[in-house]
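What follows are several structures.
The two complexes that follow have chain A in common; it is paired with chain B in the first and with chain C in the second.
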Partner chain A sequence: MTAGEKAGPVALSSPGPAAPPGRRARLALTFLRGSRRFTAPVAVVAVAVVLVLLLQGNSFASTLVLDMLVYAIAAMSLDLLGGYAGLISLGQAGFLGVGAYGVAIAEVHFFSPWAAVGIGLGATLALGLALGIVAVRVKGVSFVIITLAIGQILWGLAFQWVGLSEGDNGIPLSVLPSIGPIDLNDPLTLRMTVLVVFAVVAFLLVMLVHSPFGLSLRGVRSNETRLAALGYRTGLHRYLAWVISVFFAGVAGVLYIFVNQLISPDAMSFSADGLIVIMVVLGGLGSIWGPALGAVVIVLFQQELSTYLTRWQTVMGLTMIAVVLFSPGGLWGIVRAAGRRRDALIARLEARPARRDMP
Partner chain B sequence: MQQFIAQTLNGLTLAGIIFLVSSGFTLVFGVMRVTNLSHGAVYLLGGYIGYSVITATHNFFYGLAAGALAMAAFGLLLERTLITWLGRSEMSELLATLGLIYVLDDVSLAIWGGSPLTINLPGVLGRSTTLPISGIVYPNSRIFILGVSIVIAAGLFYMLRRTRVGAIIRAGVDDREMVSALGINVRRVFALVFTLGAGLAGFAGVLGGTVLGVYTGGDSDILLFALAVVIIGGLGSFEGAIVGSLIIGLIEAYGTAYFQAVAYSILFIPVVIILLVKPQGLLGKVSR
Partner chain C sequence: MTAGQDRGVGSGQPSRPGPSPEPGQPAGRGRPGEPGPPAGARGQAPPALEASHLSRNFRGLTAVADVSLWVAPGARFGVIGPNGAGKTTLFNLLSGELRPTAGSVALFGRDITGLRPYRRVALGLGRTFQITRIFSDLTVLENLTLALHGLSRSKLSLLRPWRSYRAMTAEAAELAASFGLAERLDAAASALSHGEVRELEVLLALALKPKVLLLDEPAAGLSPAERVDIQALLTSLPADLTLIMIEHDIDVLRGVVDSAAVLHLGTLVVQGSMRDIQNDERVRELYLGGAGSRAAGTSPPPGPASPEMGGRP
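And then the complex of A and B:
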């Protein structure tokens, strides 16, 4: 679902009735055309809101935004695997945990904070490379079950291997990395760093899904046999998508422990795995930005609205079911569909005066 | 040695409960290709309902029946509404039932609260027996559970192998289109299998509540056992569910006793080995 995919054909196929353009129609046309230019302003406003929330002193609001950004990274990276390669993983929170635990455990063993970051990311990457061999052997439902099993192995280690992971209590992180002027122990620097990392990951993922690699991933999802017949090494493509997705989950994990300064098995539980999948599906599979939006909505629900709405999980579950039933494209799909409808309407309104001028 | 025997018995008991849950899961998958992720939540809800009925009536067996029947009815409702609406899309069904987990868990939490509950068995079943030869004092409740699961397994085996309905279900696992082409009402078979699976899960919830307790999060624990079982035994294979349950139950029991730090994680070692060596599972027919 790339931008403007369906706009053209729809415009051509809607001639509209031959009524004279009334004042109302002209007004509507002006308004609709104006709304086309909204995309950029909306994005600017969103960025501005994020910046204001991060820059101002209220630590509650900024922590909320940071959590959203961290989970947005995890959800967007899962979208590469789920939305593009068609492999929905129920173990993403597990790898987020590996990144976070990697940092925490390395620091406990007296590694410098930067080395700890390297260890966290390295551990995630190594695990991703190794487990990918098992995981991408299967597709569809089996893949979901296997990644669920992998996620639970990781959770089990975090929960039961008390000697390494401190068990249920989790591991606190006291000192964050600092190099020269960039000192992550300073809240403002930390917030900006998370924002920058989010932007970089989002940029990389958007580039990736529009690259030939991203296109071949979609080919793997829709017709793997055909792609294989064309000479693509489809298994390798799936493996690479898996490794990239897992690695970015690890990046999210490193940021997670910076933001929360504590990692406990809760962050890797089955429920946490499911939440990331819900973020992706609710936001819109295969759109990168949709899952980021899904992360914003879910984190807002979980941390803010849960105060007012005790049964928020019921609402979330029912919403998930409704999305699967009625809007497989998720929230992003709804926005895109509305955009297409608007384009069609504009085309119809524009067609009216043109018709009158014609002989 | 005594500990080993006791752990073996614990493992077999657990295997019994896991079997009741995973056999329903695997039959539903085998016949309908529906991956019902909310199967664990159904188990838990069954346990809660059983608990409430037992508290009200002071009769364990009423609770057992209530848990099983309530969940069977819920299963039928689910099959007739959500599963039918989703219309045979494996991934949509999986994702929708994932959403359903959060709803069922939250509703359970709202009604029964967050503290763990335990279901007590009545009379002689609630006591312990000294086993012959080894001299181990072992709770009767576990022996009861083991016996009940064996009886149910035998009953299911008889139904699948010796009755007309069972033949239709087995045929459905092998070739759904052919069954429907032979003029059998597949929709009724689907409803039956789904109802049976949910009922078994509810039944297991009450039974399991006696030794494992009824607690928040118990649903994902049992779901993961069941998923491990069906990967090992083969998705859709009833006999595979028996073998897988024994493997998982025993590993869990020995692991808890001897390898505390990795007890939970080693459960999945056979899962990974099976996937590498025989991805369709030990007794699986369904290709993936």
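And then the complex of A and C:
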């Protein structure tokens, strides 16, 4: 993934007998140090590629990228709860659905599109605040089961409360909000908006996990009793993590219905819940960027691979097993390990000339 | 590499001063004979920690039965007793991890019986755990920073990186350095040696600058050399810190505490100065003979007013 991996063989071949001592090592060192500095530019190029895909006319490719971004938001926010506080939720797609249904139902009842967005987000937040009181009372397997139940209840409501949700058919959304020159009905503006919201959420989550609050969540996962003995009201910290995570799932839901212009119970099904958890675990628990990467891979599998292979789930399952077996830190763990290998290599190469200089 | 190798007996390092809030404090207070609060002060100044008739039952099993303690401010107080005597249960009652079935706990005269652990910590009651409870997924620096944020509003700060709290991270580094963990700041806590882990455990509690510190067997499982380190750490603590320490090895307590209580089968056998305790017949029976259980059952626990806590003349 990073330059560190590619540089491996170069550095290993450096002490070859033909080469003048240190020359190839110096070359490798320059390259490796450069790669350290160029990680950010490489990331920028990756973002540029996303932009190009979004901007170009091919609506299939841009929808694919938009789907990735929407699910990346849901997966990253689940990671705050699962990867940091150690609370794996199986109801994340349910809250994505609440956000989306909130917008759709409000619009059906003749609210203006902007008011509908407010209602969608407000409904998710209110539900998160209320259900959190119950959910974060428990930890571990009990938490997984409670969130599973919450997710299934939400799905059941969407499926069976036909008067409100129109049941299996789902609710289409015809008009998207617009303000001044920003008209989300224009595909290009919509794509850019999704990208900007993704960037903002990613930025907020990264700030959050590096804050004292983020540190306290890792403390909750590592040793909650000790954290309480250090003056932390640990229940409050878990509750806040839950509310933030649920709210961002609602944000993903609002974007979901903008992109798809339809919300049906399928988006909240158990398999949708599971898929978001898989994105997080595959990408790497406790890394924020990892789950985004996981979302990219899973959406690609789901939408791209499925056109070539009927048994794409088998491939996904095998990939999942391989990653969990060989890189417990997920895909992001591979990226991190490569970075560490690069740093170790740099340190080794730097130490070498110094040793030669010694008498 | 590890603390045990670095700091053997007599290397001089362990006697560094602790992270005393007042750097000018003389270290090593607390041996018998040093000035404690005058005996008459008990009437006016409230005790640092007072337990009144504490009891706790676990489904019919009585772990702690009617234990009353009175610990003067600044005292070094030991809680001694064989395995299963109810020492840790007593600590959990004092720190709030467990609610008592009956009785009450007061900190500096304030009733804290109904307060949750984090509220007691805010009032100045710190504790360590017998089974080490550090944040093993975090680095030493992260462990200590987390502890330092514990009593600050900044623990709920959401959008400012914890590394940007320079005063906190500097204090964490200083704290680590004062007990020989300076080189290990960026090491994962799970990579520490057992001795270092026990030190970190104490440091986490000290980071909050408690007024009363409950230490649950700080020397458990340590090698003799590491025991000396921990003992040095404990004797270097600030003099105004009230220390209450569980230990089943009386030898570790000797030289650290001035008074102690002996528990057996959940009841208080005797409470008094270390000299009294070592000369007490019931305690000798407990540790030497098998008749201790009967003796403990029949001996009436001394009331909170009987022994002197704050050092002896």
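Please note the rule applied: the second predicted complex is superposed on the first by the 331 of 359 C-alpha atoms of A that agree within 3 Å, B and C clash if a C-alpha of one lies under 4 Å from a C-alpha of the other, contacts with A are read in each partner's own complex, and residues count from 1 in each chain.
Quick note on the criterion: contacts are C-beta pairs under 8 Å (C-beta built on N, C-alpha and C of every residue); 3 or more make two chains touch, one makes a residue touch a chain.
Computed from a prediction, not measured in an experiment: that's the story for all the values here.
Asker: Are chain B and chain C a fit on chain A, or do they clash, once the structures share the same frame?
Answerer: Overlaying the two complexes on chain A (C-alpha atoms) leaves chain C and chain B fitting together cleanly.
Asker: Quick one: classify A:Gly214 as touching chain B (first), chain C (second), both or neither.
Answerer: A:Gly214 contacts chain C only, not chain B.
Asker: Of chain B and chain C, which one contacts the greater number of residues in chain A?
Answerer: The partner with more contacted residues on chain A is B.
Asker: On the chain A superposition, what angle, as a multiple of 10 degrees, is formed at chain A by the C-alpha centres of chain B and chain C?
Answerer: It is 80 degrees after superposition, to the nearest 10.
Asker: Which holds for A:Gly317: it touches chain B only (first), chain C only (second), both, or neither?
Answerer: first
Asker: Pick one for A:Tyr232: touches chain B only (first), chain C only (second), both, or neither.
Answerer: The answer is second: A:Tyr232 touches chain C but not chain B.
Asker: Look at A:Val254 in the shared chain and tell me whether it touches chain B only, chain C only, both, or neither; answer first, second, both or neither.
Answerer: neither
Asker: For A:Leu204, decide between first (touching chain B), second (touching chain C), both and neither.
Answerer: So A:Leu204 only meets chain C here.
Asker: Thinking of the overlay built on chain A, is A:Asn223 touched by chain B (first), by chain C (second), by both, or by neither?
Answerer: So A:Asn223 only meets chain C here.
Asker: Go through the superposed model and pick first if A:Val136 touches only chain B, second if only chain C, both, or neither.
Answerer: Neither chain B nor chain C is touched by A:Val136.
Asker: Could you grab the smallest C-alpha gap between chain B and chain C in the overlay, to the nearest Å?
Answerer: When the complexes share the chain A frame, the smallest chain B-chain C C-alpha distance is 13 Å.
Asker: Which chain A residues lie in the overlap of the chain B contact set and the chain C contact set?
Answerer: No residue of chain A touches both chain B and chain C.
Asker: Mind pulling up the chain B residues that touch chain A in the complex?
Answerer: On the chain B side, the touching residues are 33, 35, 82, 85-86, 90-92, 94-96, 98-107, 110, 220, 223-224, 227-228, 230-231, 235, 260-265, 267-268, 271-272, 275-276, 279, 288.
Asker: Mind listing the chain C positions that touch chain A in their complex?
Answerer: Chain C reaches chain A through residues 95, 97, 116-118, 121-122, 126-127, 129, 133-138, 142, 145-147, 149-151, 154-163, 165, 204-205, 207-208.
Asker: Please output the residues of chain A touching chain C within their complex, sorted ascending.
Answerer: It is residues 204, 207-208, 210-216, 218-219, 221-223, 225-234, 236-237, 240 of chain A that touch chain C.
Asker: If you look only at chain A, which of its residues touch chain B in the complex?
Answerer: 88, 90, 134, 137-142, 144-146, 148-150, 152-153, 155-157, 159-164, 269-271, 274, 277-278, 281, 310-311, 313-314, 316-321, 324-325, 328
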